[in-house]
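Next up, some structures in structure tokens.
Two complexes come next, and they have one chain in common, subunit A, joined by subunit B in the first and subunit C in the second.
So, the complex of A and B:
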């Protein structure tokens, strides 16, 4: 054992360098496209569409960002709509997924596994196929062309995963804690509120993050459900802003749009990263 | 003052539900949906109308390739806009599907409608009824780089008038610097780009391309073999850059802008975008040639405007459409912003005088055509369409005859649906 550790002193250093090199490589692979996208976004529109491209900008310009910010109703309108829809979708998702996860993890129900599989079923149907029927029904009850209607769709799309994650989060809590609370006279709702909720906060945050990112990026439902420029969300604007004649792409506007749209996702991820990581493990190891 | 978490969530939910009830349009505001690539042009018209009318028009931009889905679902739900501006090529399918309002009695009786380019009138007629008119047109033209013409010893004021000349000029331009300069460019994986820019060379020569019905000629007549052979020969000789094969249209405009391409089929829209982004470029515009001099033709494209079935303000919407054909709208809304007018009698106007290249495009409207075909998307625009497959098989695989035969078969199958 000691022979190995003696021998490995220089090797350990080499190993550290090697790991460092691998890390640098992985980071480069991950950040490369974003960096290229950023560089392209600060070029002039003409330079951004040059072929072959210059990887580093020869001239700086905010024109692409200006185009994305000023396009039609303005970026502020689209971003506000996106935040609004994502916010409502998060609320809806939590209101439904937390009690559902609690029930599935902690109560003896007849046919629990069947119910669980049924709840996961939406994952197995491509949602594009059912969007039109949903839209037709929503328009009958006044939910078409409304942000709440879109938020409901986004929440439904996200629910199977959220319930799955919340169930695992609740199951990870030792039964003794629950029993102690019950012995002290707590009702099951009190157990959920006072004991379990603080313990599953990482799971809740993970659900919030995923719901936000998926709602923020969702294109097709937003396009089908919304009928007014002033109600559109960011992804619809991003597709329109880069569209030229016969499918020609405005590369500068496209890259500026990419940068603008990933900013909120990165920001929220960084803010909640601590919770997110432990929440992800909660779900994963179960 | 700690509110239970669930309670807070429920409160937030009910508040947001109350605050964001369905949005409804007021009676005096017309909604106009336009596809993204023509929304700039539509915006000029909308602004001009709004300046002088109490009833306002509000523009909503729909991504180009989602327009069919969007209109179809909203017609089914009965939640349609008052006006819709879309790629004219979908007109036959939309009229046949019953998506549009019959305007024969109103728009049909408008004296300005008679002056509209024939291509638009033909395309907006189904079963003897009129369903719309041209709104923001565009035409295909041959775009060429005058500096590269000069460098190759060609006269920059004499663009090719036949496809043989085009091939000859392209070879000469390529020969000036075979590693960096291409003679000709086309987007090899874009059905729409090629119906716009290669098809006019075929039908100008006399060919009939898309089937009008199950027993009509398809890809017949002079021009089909010749144009495909010309493209194949140029591809084999390296006159067309390799990037052409995989271009889905994303680089339809970007490649010419690099200044390394001698000629390319393009659209009138290229003039203003080149002038804005590449003021240094010395480019010319010419009609797309055919086999013989005098066979020049064009694809009349752009947008038509119509009223979807079930629209809530058809009278006001009709008055917007008839207004769009007035001298004021055509000149101040379109020509002033360097967009082609729909009416052929206004092709030569004061705004185009300063830029003769626009006169060329305006003249192309008069000699141009638009194919009247159902299932246009399946036949031409789709990734696996018989039209695109034919071009790819002929040019990149080198089998011209087999490619045409294959296209005929598949197109007739689609037409029989």
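So, the complex of A and C:
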């Protein structure tokens, strides 16, 4: 039987090389599209629209980026819109999810199961379906075509995950810490602010990360709600860059726009990978 | 401690989130039901029409074609995402530097927006300026340039290629976690008993990752059933409306043709389908939480 599991040394080495080669191939496939898009973005506009295309730029140019920066209301406006919406969505999520997580983890609530299921409702009811009534309601109270309105929708999307994460973070804190404070006469709000909040900071950071990335990338609600050019978020601006003038696509500018829009996400991912991946595993499966 | 723990104190902390969900999810859902029974349009209307919208929906060939196309997309892409994702998890679940780096690059597109990645691939797959076909030709993988967006099936394939690149890391990262949580003693015992690598994969790793596999499949399938961005950007529903998905068709009716009442009826039908699957998902996840 040992013959099956014990491979000769050359065979084991060949296998290692093979696995290494497969890894390198996979890395190429995953990074290739982003690299090609970046190369296209620094071509001259004429070369970026040339057919047949080149892999690498023949001459470098920042003209595509300049075009994106100057596009209609200006990249600064669209990026500000996106940051503003994401910022408001983050605040909403934290203001709602931190107390909710605390309440769920630390109190004996009447009808806890029902409450929990209700809070998970946004997970089961596709937001794509309820955008129409939300849109009509927002029109009545002046929130249609407003960044706060879009931020509310993005907060709805992110809320179940955030509550879930915060509940787990609060549950992980040992009872003794809380009891000592309560015996000293602290109110539950003081316990939350002074003792618990510092301990659940990793959870808070994860909520912020996910809310930012998902809000920055969200497409359908932004497409429906933001119907004034100057209030577009970055993904909607990109689609409008593609449509271009007279139906001809400005390929160089489009790729420059793609690079600009993925930059914050990649930056966050590279800098905070640990938070991101662990939060991802926590939210999706458990 | 129970005496200090006022039951209603906890409710105060939970209340804001609860009110938010009721105001922006449950109440709109109720309104959606009502809307679906009226002939509301973005331009006015709002007369009660009973079940007329539903009767219309059941007879609407375009809606059924969109729903069927969405199912087809889901049925094709889910096994690809899960199978390939699992294979990549097996490849990279050891924590050697090369494999860690491979894993990080596979997960990278997950953080990019689906809209953005669709625009990237829309360019890569373009007939005139795209590099995808050029690569296929230069590597002699094809004799002739494939044409992606003039027929429904190649267009579907194009979208699947792009989405696979974008989300393959999702399943992979979940599977890596599942594989790494398997007790190493079990695997070592199997090695001592003479089980080779593939026997260990089939007899130990896959059975012990079953719950994760099931959950990931559900999450992924629900996501695919709600596909919109990738088709809106890459195919625009074309050729001849053959690549409309359910959500896209609802969007088209509600916000392009302004038929909000009819769109609401279609939304209710879609919600019912999704609710069935997401209820299973929540049930499965909650059970695992208590284990």
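We adopt the following convention: the second predicted complex is superposed on the first by the 216 of 286 C-alpha atoms of A that agree within 3 Å, B and C clash if a C-alpha of one lies under 4 Å from a C-alpha of the other, contacts with A are read in each partner's own complex, and residues count from 1 in each chain.
What we mean here is this: a residue touches a chain if its C-beta (ideal position, glycine included) is under 8 Å from a C-beta of that chain, and two chains touch if they have at least 3 such contacts.
The model shown is predicted, which means the values in this text are computed figures rather than measured ones.
**Q** First (subunit B), second (subunit C), both or neither: which does A:156 touch?
**A** Touch status of A:156: second partner only.
**Q** Scan A:84 for contacts with subunit B and subunit C and give back first, second, both or neither.
**A** Once the two structures are laid over each other on A, A:84 reaches subunit B alone.
**Q** Give one of first, second, both or neither to describe whether A:147 is in contact with subunit B, with subunit C, with both, or with none.
**A** After superposition on chain A, A:147 lies in contact with subunit B alone.
**Q** Where does A:269 make contact in the superposed view: on subunit B (first), on subunit C (second), on both, or on neither?
**A** In the superposed model, A:269 contacts subunit C only, not subunit B.
**Q** Counting residues of subunit A in contact, which comes out ahead: subunit B or subunit C?
**A** C
**Q** After the superposition on A, what does A:20 contact: first (subunit B), second (subunit C), both or neither?
**A** Once the two structures are laid over each other on A, A:20 reaches subunit C alone.
**Q** Which partner does A:132 contact after superposing on A: first (subunit B), second (subunit C), both, neither?
**A** Both partners, subunit B and subunit C.
**Q** Quick check on the superposed pair: does A:76 touch subunit B, subunit C, both, or neither? Answer first, second, both or neither.
**A** neither
**Q** Just checking: does A:251 make contact with subunit B only, subunit C only, both, or neither of them? Give me first, second, both or neither.
**A** A:251: touches subunit B and subunit C.
**Q** Go through subunit A and flag every residue that touches subunit B in one model and subunit C in the other.
**A** Looking at subunit A, the two contact sets intersect at 49-51, 92, 95, 132, 136, 223-224, 239, 251.
**Q** Going by the contact rule set out above, which residues of subunit A touch subunit C in the complex?
**A** Per the stated touch rule, the residues are 1-2, 4-5, 19-20, 22-23, 26-27, 29-31, 33-34, 36-37, 40, 48-53, 55, 92, 95-97, 99-100, 102-104, 106-110, 115, 117-130, 132-134, 136-137, 152-153, 155-156, 159, 163, 179, 182, 188, 213, 216-220, 223-224, 235, 238-239, 242, 251, 254-255, 257-258, 261-262, 265-266, 268-269, 273, 276-277, 280-281, 284-286.
**Q** Which of the residues in subunit A come into contact with subunit B in the complex?
**A** Those residues of subunit A that touch subunit B are 44-46, 49-51, 72, 84, 87-88, 91-92, 94-95, 132, 135-136, 139, 142-149, 151, 193, 197, 223-224, 227-232, 236, 239-241, 243-249, 251.
**Q** Subunit A touches which residues of subunit C in the complex?
**A** 1-2, 4-5, 7, 9-14, 16-18, 20-22, 24-26, 28-29, 31-32, 35, 88, 91-92, 98-99, 101-102, 104-109, 111-116, 119-124, 126, 128-131, 134, 165, 170, 173-174, 177-178, 191, 193-196, 212, 215-216, 219, 226, 228-229, 232-233, 247, 250-251, 254-255, 260, 263-264, 267-268, 270-271, 274-275, 278-279, 282, 285, 288-289
**Q** Write out the stretch or stretches of subunit B touching subunit A in their complex.
**A** 4-6, 9-10, 12-13, 16-17, 20-23, 25, 31, 36-37, 39, 58-66, 69-70, 73-74, 76-79, 81, 138, 187, 190, 192-193, 196, 243, 248-255, 257-258, 267, 269, 273, 277-278
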